[in-house]
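Inspection log for the structure reproduced underneath, given as structure tokens.
We call the chains A, B, C, D and E, going by the order they appear; numbering starts again at 1 in every chain.
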Amino acid sequence: QKGETVRIAFMDPLSGPFANVGQNQLKSWQFAAEHFSGAKNPAGVKFEVVGFDNKGSPQESLNTLKAAIDQGFRYITQGNGSGAGLALEDAVAKYNERNPGKEVIYLNYAAVDPSMTNEKCDYWHFRLDADTTMKMEALTSFMKDQPKVKKVYIIGQNYSHGQQVAKFFKEDIARKRPDVKIVGEDLHPIGQVKDFSPYVAKIKQSGADTIVTGNWGQDLTLLVKALNDSGLKIPMYTYYAGVTGTPTALAAGGDSEVYVVAYGHSNHSGEIGQMAAEFKKKFNDDYYTFATYNGINLLGAAMAKAKSTNPVQVARAMEGLSFKSFAGDATMRASDHQLQQSMFVTKWQKADKKYPYSVENTGYTFVPIKQMDPYVSSTPTSCQMKRPSGG
Amino acid sequence: MRPSSSTAYYQFKPYNVGRWAIWSAFALVLLVAPLVFTSSLSQTMLSQMGIAIIVCLSYNMLLGQGGMLSFGHAVYSGMGSFLAIHTLNLVTKGLPLPVSLVPIVGGLSGMLVAVVLGWVTTKKAATPFAMITLGVGELVWAMALMFPEFFGGEGGITGNRVTGPRPLGISFGPQIQLYYLIAFYTFVCTALMFAFTRTPLGRMLNAVRDNPERVEFVGYDTQKVRYISFVIAAFFAGISGGLAALNFEIVTSEVVSGTRSGAYLLFTFLGGATFFFGPIIGAIVLVLANVLLSELTKAWLLYLGLVFLFMVMYAPGGIASLIMMNLRVAAFGRLKELWVSYLALAFTALVVLLGAAAMIEMVYHIQLNAALGPELTFLGATLNSRGVNSWFGAAFVMLTGLGLFEVARRHFVRQWGEIQEFIEKEMKRRESL
Amino acid sequence: MSDPTYALELKDLRKSFGKTEIIRGASLAVKAGERVAVIGPNGAGKSTLFNLISGRFAPTSGQVLLNGQRIDGKKPFEINRMGLSRSFQITNIFPKLSVFENLRCGVLWSLGYRYTFLKFLADLDDANERAEQLMEMIKLHKKRDVLAVNLTYAEQRALEIGITIAGGANVILLDEPTAGMSKSETRRFIELIKEVTVGKTLLTVEHDMGVVFGLADRIAVVVYGEVIAFDTPEAVRANQRVQEAYLGSHVADAQVGAA
Amino acid sequence: MEFFTISLLNGISYGLLLFMLSSGLTLIFSMMGVLNFAHASFYMLGAYFAYSTTRLVGYWPALFIAPLLVAVLGAAFERYCLRRVHKFGHVPELLITFGLSFIILEMAQLIWGTSSVDYRVPPELSGPLFTLYGTQFPMYRGFMMLVAILMLIAIWLLLTRTRIGLVIQAALTHPETVEALGHNVPRVFMLVFGGGAALAGLAGVIGGNAFVTEPGMAATVGSVIFVVVVVGGMGSLTGAFVASLLIGVIQTFAVGIDYSLMGALGTVGVNVTPETFGFALWKLKISQVAPILPYLFLVLVLIFRPKGLLGTREG
Amino acid sequence: MLKIENLHAFYGKSHVLHGVHFEVGQGEIVALLGRNGSGRSTTAKAIMGMVACTGSIEWNDRQTLGLKAYEIAHLGIGYVPENRDIFPKLTVHQNLMLGQKGKAAAKKARWSFADMYQMFPRLQERQHTEAGVLSGGEQQMLTLCRTLMGDPDLIIIDEPTEGLAPKIVELVGDYLKKLKERGVSVLLIEQKLTIAMAISDRALVMGHGSIVFQGTPDTLRADAYTRKEWLEV
């Protein structure tokens, strides 16, 4: 296996409205692959990542999957959007079942719909990100220690992700801080709201002191802007304040109290910190998809363990495998193929000496204020993994 | 099934032989295509073309034949898809329905949705119609995201087409088996939709398009004509949706999106809305553009936009009209004179394209991948996006091409005008005979 | 209740647009088989009257009876199905269909084909035969497959009449059928109209006195939304009021003479 | 009361914003009958141009330069593309603007990149204008309202004090006749299209920093502006204005209403449980559908009053 | 004033006018007669720059061939098209407004709104109605008035009496004479021989795209051959 080339097909939007995220993430994958190729990974293989444009569409993803398979790819990765993710998970499962001997592994680096590792879980799917439930587990663990949090307003996009955030927040907080009151809950159609001030008026009227939202992209920036405009300065707990474009808009709005839960942050030191700096120098862009770091390392470790690059063996090797992530040890849980890793809560503030990393050159940064060990955010799974016979 | 057999009697004789030949050729193409293009990607693409052909033809029942500009046709194909996949899942749970009939369920559902929504939609024609479809489309799409119970949320609804009884060992597991199912449906639906244009309702639909007022004075209720046709179009759209459900085995909310409806509109028009077969071409181009073009270049949306701009400006009848114009020339036996001109045009256009594309690709490279070094490969050649040579070369190629193209074009225009004049005279002469 | 010997009867018909009353209590009774010319000054309401009868507008008050049945307020297609058909002052055909198709569209409903999409047009022998016949009648059989837009003006007018009579209606309304034609064409065209409407009840609006006096059994004079006279041509020409309101002094005579 | 006042204020200002976005479209749509799908793209261009010119010469000059640049582009597009297809009818006209929107989007991404740019509200306009019941009303929003009203007045003057509107409407049916009466029809068309584009550009200058300047910004306003124009009534400027305000206010208040069909049924004694057929629909709260109410509004208006609220014609 | 020489006109490839020659003097009413399709309307359009043509058209010693329609209109030629090309969505008054060539020009014009409404009181009654719903005859009146509002020195009228009641036809005839009195030249394209002969100073007869007769109405009346061959069947 040493000296072999492992080709990974990356499929995410490379054109259209989400191209910015996709392009950045493709570069991240390629960057990580290059960084860890050869001697730098235990298996000594060379990684190569090729981009396929799925335009963010589930159906197009199936086409790119076919194209990738035609071109001999046995590893695919995707993350931007659970819709495409679920489509790929299902399609890979069917393909592998119908084409024994030509199996394909799907590394999911960012699609966070919990169903992918629960009721719809599949043997060939491995998730490197933390799913919505885990993030919420971590976030509520942080929030329960914030005495300021008393009255919470949940606002989210009315689609599965937003609905899940609301649902899990309510469940978790009831468990951890039964005294916290939910004073309002609003789900709005995704991408349709041009003006959030009516929502802000409603939030204000409800007397809330804290906002929880799973919003991302424009739905988040506009919300933040409306909050700033109205002078309603209450803390906001989010998932995706760090996604490309949002920090710029956040910065334009001035100071605001925003927390983000994620499996990483922008001020890591050590190897990943160096990589981020290097990435920035090279591409003039932020390296924030650290799952690429973990993904390549996981593959390297598994290939070394399996002594093969054949997906069948590699998949088996990845189950339950522990490896060095950029933030301590991480384990690919065998029961549902969900990576168990440390979680961070970060806070949006001006970059300073200690946390110098200026996100999107805004002069602001996400400062880690709490790191949680993998067990904290670990959530149970309902997955009944079907493993291929003979495995 | 075959309209040609029954129309035989009244049609002008030589035409008929042609029609038989065309339909047989169509069937033959459908039969052998997957044997020629054998990779799994090309087989899915062929399947998708079949699906797109049905839906574009059904869209053209509204646009081309009825003059109804719809921005919400995906609602009907999409709802067909959703109900079909739910049905497929019921089949998996034991509903005794052959998988091959699931598309019909899709068709019936599309039709049912149209029975309800179409009633309000077709109350009006022209711009109000277009705007109602826009509104209905947006509403349905927003709803689709809000109701994960039915629409399956982000992940959509998945199904497994390898289920139920397997007559003759056909499981529809391998793509090729499914392809032939789709091909069968495509042929039948195309024939049926063609037949529709030859029925009283089909003809009245044309009349409603041209002059709705007068239609009222020959005894027809225009709203009913539109409504029934709308429902029929939705039926075929639904069939196509059902086939898509089988093909992808997953249905997500994107199938009812405005983008999808927009694509039907654009490509139906590109193919040629004024001819029955135009949308077939449009559908093929649609799949090619979506699947292949985006793999070739990041600038595919730009190219697509430019193609539209130029097509609308210079060939508003779509590709089909270009073909028909040349067929007319051929019918008068003058096509062979044009060969040289066409070659010259094609060659010079290619040169222009080459130069322009090289520049576009370099710009994209600078924007997106500059960090990977200034070099990029374009059609096998290595270009340096920071080098004067590459830019100069590309510009030179383009400008030379442009110059030569203009020369070729002028020559062609003159020649073409002459031939058209000849044809017109010839037609007058024949008329007066 | 009403007298069915009248093919068409208007009873105190009124129509207002906004505040202006355009038709102010028009009454008229036309016997079956009669040829009536409707004349009157510009803007008197002749076309409006036709629109009210044919269902394009609903009357504000009053009644329209077709063969003794009320038709006022009905939709144009319903009235057409009851046997009344009209042509338009401004040519109103199906421009992108061929002559033959235009006529066949006019024929379909009356033969009971309605909204069917389960039969081929080509198999509808009766409809096709009838369309061919009509084409002969309006002398356009040589232009069978020519698109209607490409016809000359006079041919389009002929086609207009063809579509109007295609459905076999008994009562025919023609609005200025000869407008825009030269003398000679008009003369031929009047013959054609006479031919194709044999046995039918005919109402025509005309300004060409030659046509009026050549065609009509009786003349209805509409002035300011009322029927001020309804009589034989001779009586109408002699009518002082009509001369004042409409004909003018010498031109009328000259034109009649020229016709 | 407090909530009501603030909501009313929000509603009106949102309505004015909608009007600002759609005024150019109204102009073009009502006068030329062109469904300009690239309108939102011009809006986006306005924002990007303003971003770039602001960096060079500051915000206030940009407020004039950016719309002017957009106007030039719009006029050029009319002159070289749209004019050619005018004779083919409305569908090709619409499609060519469709194609243009693709091109503008890609070009914008090429020039300014795919992520949002840092285009900020100028310092002299940031901060609150006044504070009402402890809620700030941002100054920039006030500015936006002012500009919207100025736009209204400008278009109104254009339509009533000049004959441009008449010329164009007449030219829609008989262009040759209008020319024979001594009017330079092509130039008027070009001016109007350029003017409409400029209005979109101005909206972009102002909307770009109030919201987010990014390639996706065109798509987000894309269809709602059509709603305004159609609901107001094609050909009616006042209609568009009234419709904007109405939609703004209704939508804003709807956000505050947490009733659902389930609740309504509950009061009349019908109990809806999660097992009831279509539960998801019954439990949907009005506040949840607020942002898509405009489309519902659109459909209802077209069915019951196809001319639009104040329109005079259907097509 | 207007001098046309060797005018050839084309619709696409079809050659419609074959070398037309004639002149219209100041304050003259010239009738242009001929059968349907003989090319009279085309002649009018050619003068207005609305069809492709070659040859020479001089207006007050200035070559107008190649100018745009609106430029020609500004030189003082007015055109009343056949087919009643009214603007259906505009009101009667707005239709008339479009006839004017700008505020300054309107002040100096020979005609005002009041003159028009006086000529056809019917129009005044319908002033604020959409022109599209006017009766056929009213539309015809409107087209004529609309062109007059532009204050032309030469007015080309294509079948102005079409669809008018006989009494109104007389009125139009009288009005054309009044135009002449105010120094306006008229090129009248007519079908109705009676009226044309009654008011015109000279008559031209057109056949197959060229002028086949020029002379006074009296000579035409006397010329049985021309009348038979070119005007009747």
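The rule is simple: a contact is a pair of C-beta atoms (placed from the backbone, for glycine too) under 8 Å apart; a residue touches a chain by one contact, two chains touch by 3 or more.
Since this is a predicted model, take the numbers as computed values, not measurements.
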Taking each chain's centre as the mean of its CA atoms, which one is farthest from the centre of subunit B? E
Centre to centre, using CA atoms, which chain is the farthest one from subunit C? A
Looking only at C-beta pairs that count as contacts, which pair of chains has more of them, D-E or A-D? A-D
Averaging only over C-alpha atoms, locate the centres of subunit A and subunit B and give their separation in whole Å. 37
Euclidean distance of C-alpha centroids - subunit C vs subunit D, Å: 48
Distance between subunit C and subunit E based on Cα centroids, please, to the nearest Å. 30
Two-or-more-chain contact residues of subunit A, please, as numbers and ranges. 23, 158, 187, 189, 192
So which stretches of subunit D touch two or more other chains? 109, 113, 288-289, 292
Contacts with two or more other chains occur in subunit C at residues none
Of all residues in subunit B, those that touch subunit C in their complex: 3, 6-7, 9-11, 195-196, 198-204, 206-207, 209-211, 213-221, 224-225, 228, 232
Contacting residues of subunit B [partner subunit A, same complex]: 39-41, 44-45, 48, 142, 145-146, 148, 153-156, 158, 160, 162, 173-174, 244, 248-250, 252-255, 290-291, 294-295, 298, 300-301, 368, 371
Which residues of subunit E touch subunit C once you look at their complex with the stated criterion? 35-37, 82-83, 122, 126, 129, 133-138, 140-141, 159, 162-170, 191-195, 232-233
Parts of subunit D lying in touch with subunit E, wherever the complex brings them together: 163, 166-167, 169-170, 172-174, 176-185, 235, 312-313
Interfacial residue positions of subunit C with respect to subunit B in the complex: 54-55, 75-77, 80-81, 85-86, 88, 92-97, 101, 104-106, 108-110, 113-124, 128, 163, 166-167
